[in-house]
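Each of the next two complexes has chain A plus one other chain: chain B in the first, chain C in the second.
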Partner chain A sequence: MTELQAEQAAAVPQAEAGLQRSRYFDVLIALAAFAVLAILPMLTGSKALLDFVIRCSAFGLFATSLNLLVGYTGLVSFGHGMFFGLGAYGFGLIMQRTGVPVPVAFVATLVITTIIAAVIGAICVRLKEIYFAFVTLAFQMLIHSTILSWVSLTGGDQGLRGGIPRPAFFGIDLSNHVHLYIASCALLVIGLLLMRQIAQSPFGYTLRMIRDNANRASFVGIDVWRAKLTIFVLAALFASTGGIIMALFVSGAYPEFAYWTISGEGIFINMLGGVTTFLGPMVGTVLLLILNDTVTRLTEYYGIVLGIVILFFAIGLRKGLMDFVVEWYTQRRNGPGE
Partner chain B sequence: MLPLDLDALTGCLASSACLVTQTTSGFIIGMLLFLVAVGLTLIFGVLKVVNFSHGAFYMFGAYFAMTAYQFSGSFALAMLCGAAGTAILGLIFERVFMSRVYGADVLMQLLVCYAFVLIFDDVVRMIWGPEFKSMGMPAAFQVAPLFIAGGVVPPYYLLLIGVALAAAVILGLGLARTRIGKVIRAAAHNPGMVSALGINTGLIYGGVFALGGMLAGLAGALAAPVRSLTPGMGFSVLIESFIVTVIGGMGSILGALIGAILIGMIRSFGSLGFPLFTEGLMYLFMVIVLVSRPTGLFGKEVA
Partner chain C sequence: MTRTRKPGVSRRATLAMMGAGAVTFAAPWVARAQAKTIKVGMPTILSGRVAQLGTSSRNGVMLEIEKVNAAGGLAGRQIEMVIRDSKGQPQEAARVARELVNTDGCEILIDAEASSGAFAVHEVARDLGVLCLHTNSETSALTADPKQHIPNAFRTARQGVHDSIVGGSYAAAIAKAKGLKKWATCSPDYAYGRDTTGEYVTYLKRFAPDTEIISESWPKLFQPDYTEVVTKILQAKPQALYSCLWGGDLTSYIDQANIYALFSQMEVFAVNMADYTALTVVKNLPKGIHSGNRYIKTYPATPENAAWGDAYKAKYNEYPTNWSWENATAIMLLAEASKKANSADGKKIAEALRGLKIKSPFGADGTVTMRAEDQTLVGYAIGWGTTIPQEPYVPQVQAGDWKTIFELEAEWKKSKGYT
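Here is the complex of A and B:
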């Protein structure tokens, strides 16, 4: 064994120990966040606040999963919203038509999402950036128009009406508002924790390498196509979970959940919060939902206001909010000279 | 599960009257798509950006034409307003906003366009209202339809096809033969060199964007008498013309023409045989082309 190899061999367990440590740290933060969210209903009786957090969970999972594609892999998907809609419709339909327990429907929805995402992903991920963006968008429109035209199954433009049955399981009654709230928070925290683990794993670093230089990644023996497809399907699963939360929340599913604007908003959330940090999209979600609620209360021309805000960020700032926070933090730590 | 109506399709293929009617309607769809798609492909070829807000120019073309027609009653003036208005809009849009995100990553370009899709749709809703509008067929074309082999063909359809084909020929020849065409092709190939030779590339970029916007606006103006106008009408057209450019190959005018006619025929005949799966057919066709020829039928660049 040469000296270099010995050094490398020694470095591997060290790196693994570091990974292990940061993993415990992540779990700790997740538990703390969940604890804070869980005691919130005891502190405040505000139903509106809990509703807001549930919506944040749904869109937060969706936006963070999109960041796995956009920020970590460099795949700008403009059709990620289709999996949000798919989750909502899949879950709603299974619950309405078969009456299976909630966990079974949950798993079944994820299985359906996996299959559809694998097929769409297999076609899309070999394409270069702008082609990838538009072909995913085209698939989103296909799913949206299928939902609109397949009236006998999906209810067409009326959406899934009549409510989604939510039978209690393991003592959890999702038709109870606080139970639904706790379940959404749990799904959000578990989802974020899992995505964090994906992002920090060797696979996550492979994705960053593909983003920075796909040719190089393929020269060192990485199957780029397979890695991209894997992350495409994984991201779809989390987006679908977001859709399931949304379906549970509104007790229905509407074609808007699968419309392209959801994808556009997801992209903007990522921009707003910043794609360079893991929690950027989560911050972006909270900001966009607050903006959304304020603007729709003030004017019916929501699009103009949102459009101007987007322009301000895309042309003016060119960075997300968390990017500024990180910059400010490193500057403070390194002293003003840096 | 799939609603099939193959009898209607075979029945139509057997009758010459139905065949003529469906083919013309396929051509109408195809030609409108071509005008939008060729602008998209031209802008992509030269500026290397996909104008995600291109559908909005189609929408503005239609609304401008309707308003001009209501004020003047002249069809020619309506077409002119539709085309010229969107050309100016395209020039301003490119110079003020798009030119700031060249070279930035795709995310920024998509976001700027996304912002304008939202803004333009709301502007139209503000000015013309959210309800469906219609321009109505101009009096000059309210004449008895022609009968070709038993099929009904309104004269306006012939005009529409003629205008679009003329645009294709002028564009193709203009790019291939004229001096400006050569400069545009050179700028697409190597803008740094063109700029070093003393040509204002910013002007070329703005001009190409205005031309693309004008073609989309012309398509909207031509469509105004036969389609209903609504805010957001541009978006489905945008998606379809993107499919056209993917099938034909990004950057190829001939590809856009062939792709548009293929999509038009798929829509027209597909609506007979697969009434609920017409859009699905279109996507299916795109997927087949993408998998077998990722560069499109006439594309050279590797996608």
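Here is the complex of A and C:
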């Protein structure tokens, strides 16, 4: 269905207006979502719930940005976690070493991420499928090893110690739990909205075309390499933002943030939530975190429960939850007769 | 038909979703029930390669909790332990610690995390102000660095720098007596391995200035094959070898080095050898390996220590580990501090803990002290001896001198800019 839309949107000027309308609609949904999240602390005193949403923001941005690569462009990156780690370390180090205001550190971290992602991406996106996956994994391990061995800067495997200072700015004090919560929600909503706009833009449809048939795209006159590199860098920026939220949440940065297991978790979230809908990874994040939090409360044999869930999704549903829901819904709507 | 079915389905679906959502959301965040019991939260590692850290820490804690509860608990409140797996991930350790306090209503944290996880929990303690006892992290900076210092966090574990001072002076004495000048090192390639080895060598050279390091090997943590490391060391022909490999790494290393008869060609100093996890697993434990004491029930050679080791063995059918005594000590200190403060309140217990000296099976002189200035444990049994292949494994342990430790530790702190 989306492919059909793509071709229509490319040709007919009417579609421009449709796009505009759907953009307003997205903004409205985003505002509503933010409003709901923002009044949550007034309704409940549960700090754990706020913690939960903060972690959802970090992993949600990370997983959704991974889906821009996996679901929209067909680039299965096994090293996306490096940008999560990069965000956490970049932000943490800048705050600890320089004492600049938080927004400056935030922007600086994104600039650093852009540069590194551009270099790594320029090398990786030339490769296809499994080669791309492996080279991204290799770069991730390179960054992880660098973090481990550059002890004087990163603290090695003990991580960044001593907490991340966070001076107040514009009346926002991130050491206040509720402020941190609101800031995380804002970053999440803005991040999702931006990613949605990327996905729905002509550029987003170019990516889908590359995913489905890169040769065709290049015959049409699209610079495939440049498009892939652009989305690689953009996805890295959102992953990095997720890392920054995580660094603020734990008040530190640890080498595990840049380890392949984080990338694996991202892939798993995408499997769980589904890659064909935009919100699939976000649903997957919420699902995985609820699963993680409840199961670890109940048993220490967390691995076996998670394994069964993976099996259920991989063999039983054969798709992510959102894919399943969407399919089921359209089937219901169209009725059994059609 | 499509029209008529659609609203029905969506309402049902919505209701079902809301119901499911409410259940999943409500379950973890049930309001805390303020009973007479006091909950103590313990994030630790119960899965993966170092799961033994968590299980033996838990055993050590539970053994003592039973005694404390039988004697009336903390100021009349029975202790209820809430122990949860962090899977060795620092962000999980932070999350679990926060959850334990914010949701489960734990009033005290026993942080049985290793390395980076301990620093993550430390930040949670800083943020929430909850009383926190670090029981497994031996990284000196955790308490020595004033930037880390918070009034509500204590360490009841060994400290890396103490081990290095005692190990270095012991090695230097033997180096002088036997004329060991050429040394090699072989330690795992991560912060603990690098730091501990560096400090050890510093103190070795300080006490025996004519020693030199002629070969260094840094195998990866959890490396399965040590052949190249062993042959490299043999080719360098050192007179002595230092290693801070531990657990399964140390036992695989010894089993593989035995094939090359490495232990008959040089004196070996392995700081983590004298722990039952290593001693009982090695196939042919060579005689005469020098080791620091981790936990061994024959040192300190007191009836209290032997009784504690036996009680643990009787209950869990295995010997305690180094982690077991460190965690047990946390509970002993808590109980004593609570008695002194006559309260189960975290702040009052913290106040009472500073400078508290208690009787302990693990003390060098039968007592251990929570040093007030940096809130870390001192006075615990620390020494070196040589192995024999059967129980008691390390028959004679030469005690380290705490006076020397304090002097050199102060000097070390100054050199690091901590004081």
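Just so we're on the same page, the second predicted complex is superposed on the first by the 316 of 338 C-alpha atoms of A that agree within 3 Å, B and C clash if a C-alpha of one lies under 4 Å from a C-alpha of the other, contacts with A are read in each partner's own complex, and residues count from 1 in each chain.
Operating definition for what follows: a contact is a pair of C-beta atoms (placed from the backbone, for glycine too) under 8 Å apart; a residue touches a chain by one contact, two chains touch by 3 or more.
Note that the structure is predicted; figures quoted are calculated from it, not measured.
S.K.: Determine, for the superposed arrangement built on chain A, whether chain B and chain C clash or fit.
M.R.: Chain B and chain C clash in the superposed model.
S.K.: Kindly classify A:157 by the partners it touches after superposition: chain B alone (first), chain C alone (second), both, or neither?
M.R.: After superposing on A, A:157 lies in contact with chain C but is clear of chain B.
S.K.: Based on the superposed arrangement, let me know which partner A:97 touches: chain B (first), chain C (second), both, or neither?
M.R.: Neither partner.
S.K.: Which partner does A:216 contact after superposing on A: first (chain B), second (chain C), both, neither?
M.R.: After superposing on A, A:216 lies clear of both chain B and chain C.
S.K.: Using the touch definition from the top, say if A:315 reaches chain B (first), chain C (second), both or neither.
M.R.: It touches chain B, and chain C stays clear.
S.K.: Is A:21 in contact with chain B, with chain C, with both, or with neither (first, second, both, neither)?
M.R.: Neither partner.
S.K.: Looking at the overlay, does A:303 come into contact with chain B only (first), chain C only (second), both, or neither?
M.R.: both
S.K.: With chain A superposed, which of the segments 6-14, 60-68 or 132-140 in chain B collides sterically with chain C?
M.R.: 132-140
S.K.: For chain A, what residues appear in both contact lists, the one with chain B and the one with chain C?
M.R.: On chain A, the residues that contact chain B in one structure and chain C in the other are 301-303.
S.K.: Within the complex, which stretch of chain B touches chain A?
M.R.: On the chain B side, the touching residues are 49-50, 97, 100-101, 104-108, 110-112, 114-119, 121-123, 125-126, 235-236, 239, 242-243, 246, 250, 276-277, 279-280, 283, 286-287, 290-291, 294, 303.
S.K.: Name, in rising order, each residue of chain C that touches chain A in their complex.
M.R.: Result: residues 1-2, 5-6, 9, 24-25, 27-29, 46-47, 84-85, 87, 89-92, 94-96, 98-99, 102-103, 115-116, 119-120, 123, 126-127, 139, 141, 145, 147-148, 190-192, 194 of chain C touch chain A.
S.K.: Using the touch rule from the top, collect the residues of chain A that touch chain C in their complex.
M.R.: Going through chain A, the ones touching chain C are 44, 46-49, 51, 55, 148, 151, 155-159, 161-163, 175, 246, 249-252, 254-257, 261, 290, 293-294, 296-297, 300-303, 332-335, 337.
S.K.: Enumerate the contact residues on chain A facing chain B in the complex.
M.R.: 70, 76, 78, 123, 126-131, 133-135, 137-139, 141-142, 145-146, 149-150, 260, 264, 267-268, 270-271, 275, 301-304, 306-308, 310-311, 313-315, 318
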